[in-house]
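The following pair of complexes shares a single chain, chain A, combined with chain B in the former and chain C in the latter.
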Partner chain A sequence: MHDVKRRYVIPGDKIVEGNFRPLMNVIKAGNSIIATRIGIAETGRDGVKVIPLSGVYIPRVNDLVIGKVVDHSSLSWEVDINSCFSAHLPAQDVFGRDFSPARDDMGRHFAIGDMITARIMAFDRTRDPMLTVQDRDLGKIPRGEALKISATRVPRLIGKRGSMIQMIEQATQTRVLIGQNGVVVVTGRTPEGIKLAVRAIRMVEEEAHTANLTQRIKVLLGIPDTPPQQQEAPRDAVSGASKPEESTIDEVEEELEVEEEK
Partner chain B sequence: MSSSKRSPIIVEHLRKQQMWDALSRGKRLDGRDFGEQRPLEIEIDVIKKANGSARVKLGDSEVIAGIKVETGEPFEGLENKGALIVTAEVLPTASPHVEPGPPDEEVVELARVVDRGVRESEMVDLDQLALVPGKIVYTIFVDCSVLNADGNLFDATSYATVAALLSAKLPIFEMQDGKVVDTGQTKDMPITTIPVSITAIRIGDSVLLDPTAEEEACMDARITIDTTPEGFCAVQKGFAGSFTIDQLKKAGETARIKGEEVRAKLRELTGKNG
Partner chain C sequence: MTQTRNLIDENGKRTDGRTIDELREVKITVGTVKNADGSAFIEFGKNKILAAVYGPREVHPKHMALPDRCVLRCRYHMSPFSTDTRKNPAPSRREVEISKVMREALEPALMLEDYPRAAIDVYVEVLQSDGGSRCAGITAASVALADAGINMRDLVAACAAGKVDEKIVLDINDTEDKEGGADMPIAYLPRLDQVTLLQLDGRLSPEQFNECIDKAIAGCKMVYEVQKQALMHKYFGNETEMKEEAQ
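== the complex of A and B ==
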């Protein structure tokens, strides 16, 4: 990440000329690399990519997502994952390999309208993404307040090593579950805490691209200025964060650094 | 004309629970009181080529209405009256839940309920609109397009229709040698009264005015009441649920009070009395 050049681009902008590898949200036309999304162009040793500032969620294998069950057939549930693709959760994933549509009652597990946390098991853009709930802390979400933010804002909401979300959780005494697809579920002891957390999350969403955001969130939450030692605290200790969430953070770490440095 | 087909909006159980919790505390999810309408914006004469037009924003719901006046044969049984036809469509860009396709039940109902409000209130004096009684009469087409659908399309479309009719200029046609000729002059639409539609829904034991799309997705029953300054002129009850007598009486009273507020707004905007 040393000799990386960054600048804002809009679709159609020429990012660079020469023999570079197109990585993400760019196309190669002749000898030039052209942006296909609005965002920050990054020219590195390994290639050229654009980190989008807006847009829908495109599933990636192993992403942790929060979805809404919208329908079911006799073999699978259809899940709305806030994307242009609708995901499928096969009934076999829940009931095991000997699942029989005649014997097993799918309604016992997930009903239409339920929110679930799931992991993307398979996706290759030619078929709809396939989900799994076979992991710790995956499955139905029993309570909480759900809200949607743009999927491109998720890294900013989490913050470097979870700093932002950890700050919000601590200050509002809530627990915030974030899906890579931009769906967020807030649970907490008091309605006031949840309300404040939601306001903070909305603020992060709206002002993700601006400088000094952390400072303004602190003001909103009423946190006095403290030396940054607080941010070093391991996430598990304060909020009981689960494994899946941590891996979510790892995945976005790289994108995060860009967001932070802006 | 494009048409529309709608898929149901599925509200998350978590969100429903939130809504019920809020309702039990006497508030709605968007912070409104039960009997509070969303902010209403009405704009008239938005389409220059139409004989009359209006755009209405009710919260995030947005409807545009245009009026075209032509001549034609009268309806059977109403030979000495002008013809009034209100149509409505929900554009596929209005909501992610709308797809292009033949109009579904809800859209047909929308057009009919709006049409009935205008017709039964006798807002437009159709007796004045016969050119050659029994043969040729004025035909008024009101076409409404929903630009953005966030619930309570009945009221938004009704306000757009009424505002467009109030602001419309009627072209003056004459018969010359057995042919209809447009004189190029216009006159005011013969308006007798201003009908106002007020819709309320029931979720559990709460009766909510001016529902959002999300609230409509959770409703047990819906009632639309059209009023004029003289009293009620049309009612439409929707969905399988029921209202108690008390709820109905209260809804009727609210429709009169809120109706008067909206009517005052329409009067002020168009300078018409009714």
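== the complex of A and C ==
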């Protein structure tokens, strides 16, 4: 990503002229590429895209999301994933192929009000998103403090290779689960730690696009200025099992790119 | 439509001291309603209007949802205290009409097909009115939509022109609207060079009509600059060019 040109754009701004491929949040009008969202336009070798700075969460296949079970029918749970579409988790996904509404008690697994981590299995223009919990570390979240941030801030909260969230977790002795839909669950040993982590997350949300954010977060968390153990421990070693939510910003961007190519 | 007094004096100044080509002062603040997904507050002369956008969100009642695109719902409302004498808060015939034309003015700019089965709600609340509130409302709503992160082909800028003392003037105010000869509000997509709203109240000759359109579009372009600056200011502060960060 060395020859990427970046600039600020608002809807209707012409980003470039010429034969470029429109990737994300842009339209091609004649010979020029036009931004359709407020954000940072990136013109690279592979095409032009705009990284949006505002907007609600629109589901994408393979996204890891945190949702709240709001209802269930005899065949599926309805999950609020902080989007304009409510998601469905089919009971067969949890109980297996031989699920029988008469025999199996759905309340055994998820009750209304439970928070779950799930992956979006299927979603398109015609159908509501379908979830799955059949993967490592997916399923019910037993405890924690849930908060919502804008989905456009998620990559910033994670930081480059998880740097931002690692820093917050280490300094506050908490674990932070981040769903790509902008729902964040913080767990920790002390209420003070959780409170501080929540404040830090709120600050990242509000000031996501400003310069020197990492520095200000460090001040808030009371981390000394010198960076002694940078790039020392890989993500997994810090807080036990790896969590799939913590895809790095690069991965997130890759996913976005993959999505666009479809 | 009968004129009772001169609305343009011998120096070519209008009732509020403007020249015939002058816009009232326009000021837009983005992100004023915290709970909305996008919002804007516009001061267009003495007009003070709040626009809030919610969505894309689930459609209720469900049968209103469209399978292939998003439903855009607009509400233009004047607060009871926005006029000289108290206005009944119930939606009047005029408000229902403005809500409709506002929706139709904004729709071409939005990429509604990106959000099938969802709804976008636009609420425009007039807190203080001074003529040309539909134009100011459309201008604010368009900024609020951009703030909400909804895919847009272009912003919508709106401005009126009209006839006062047989002269075509830009941006009609309340007195000129009531006592002047004609009022023509226009909403315009500056990049696409398309008009999405054109209404006319009064009589104009074909020449005057053309002059009026040209003047109003010129006004829309000025309004567009203010919209752009307001959005840029909210998201990027005073920077206009991005500094390359060391990767």
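In this text, the second predicted complex is superposed on the first by the 241 of 262 C-alpha atoms of A that agree within 3 Å, B and C clash if a C-alpha of one lies under 4 Å from a C-alpha of the other, contacts with A are read in each partner's own complex, and residues count from 1 in each chain.
The rule is short, and it goes like this: a contact is a pair of C-beta atoms (placed from the backbone, for glycine too) under 8 Å apart; a residue touches a chain by one contact, two chains touch by 3 or more.
Just so we're clear, the structure is a prediction, and the values are computed from it rather than from any experiment.
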More chain A residues in contact [chain B versus chain C]: C
Please indicate which partner A:223 is in contact with in the superposed arrangement: first for chain B, second for chain C, both, or neither. neither
Under the stated touch criterion, which partner chain does A:37 make contact with: chain B (first), chain C (second), both, or neither? second
With both complexes overlaid on chain A, does A:145 touch chain B (first), chain C (second), both or neither? first
By the touch definition at the top of the document, which applies to A:112: first (chain B), second (chain C), both, or neither? first
Is A:84 in contact with chain B, with chain C, with both, or with neither (first, second, both, neither)? second
If we overlay the two complexes on their shared chain A, which of chain B and chain C does A:70 touch? Say first, second, both or neither. first
Touching residues on chain A, where the partner in the complex is chain B: 68, 70, 80, 111-115, 141, 143-146, 185
Of all residues in chain A, which touch chain C in the complex? 1-2, 6-8, 10-12, 14, 25, 27, 34, 36-38, 40, 52-56, 58, 84-86, 125-126, 152, 209-211
Chain B to chain A touching residues, read off their complex: 10-18
Residue positions on chain C within touch of chain A in the complex are 37-38, 55-58, 67-68, 109, 111, 115-119, 146-155, 189-191, 228, 231-232, 235-237, 239-244, 247
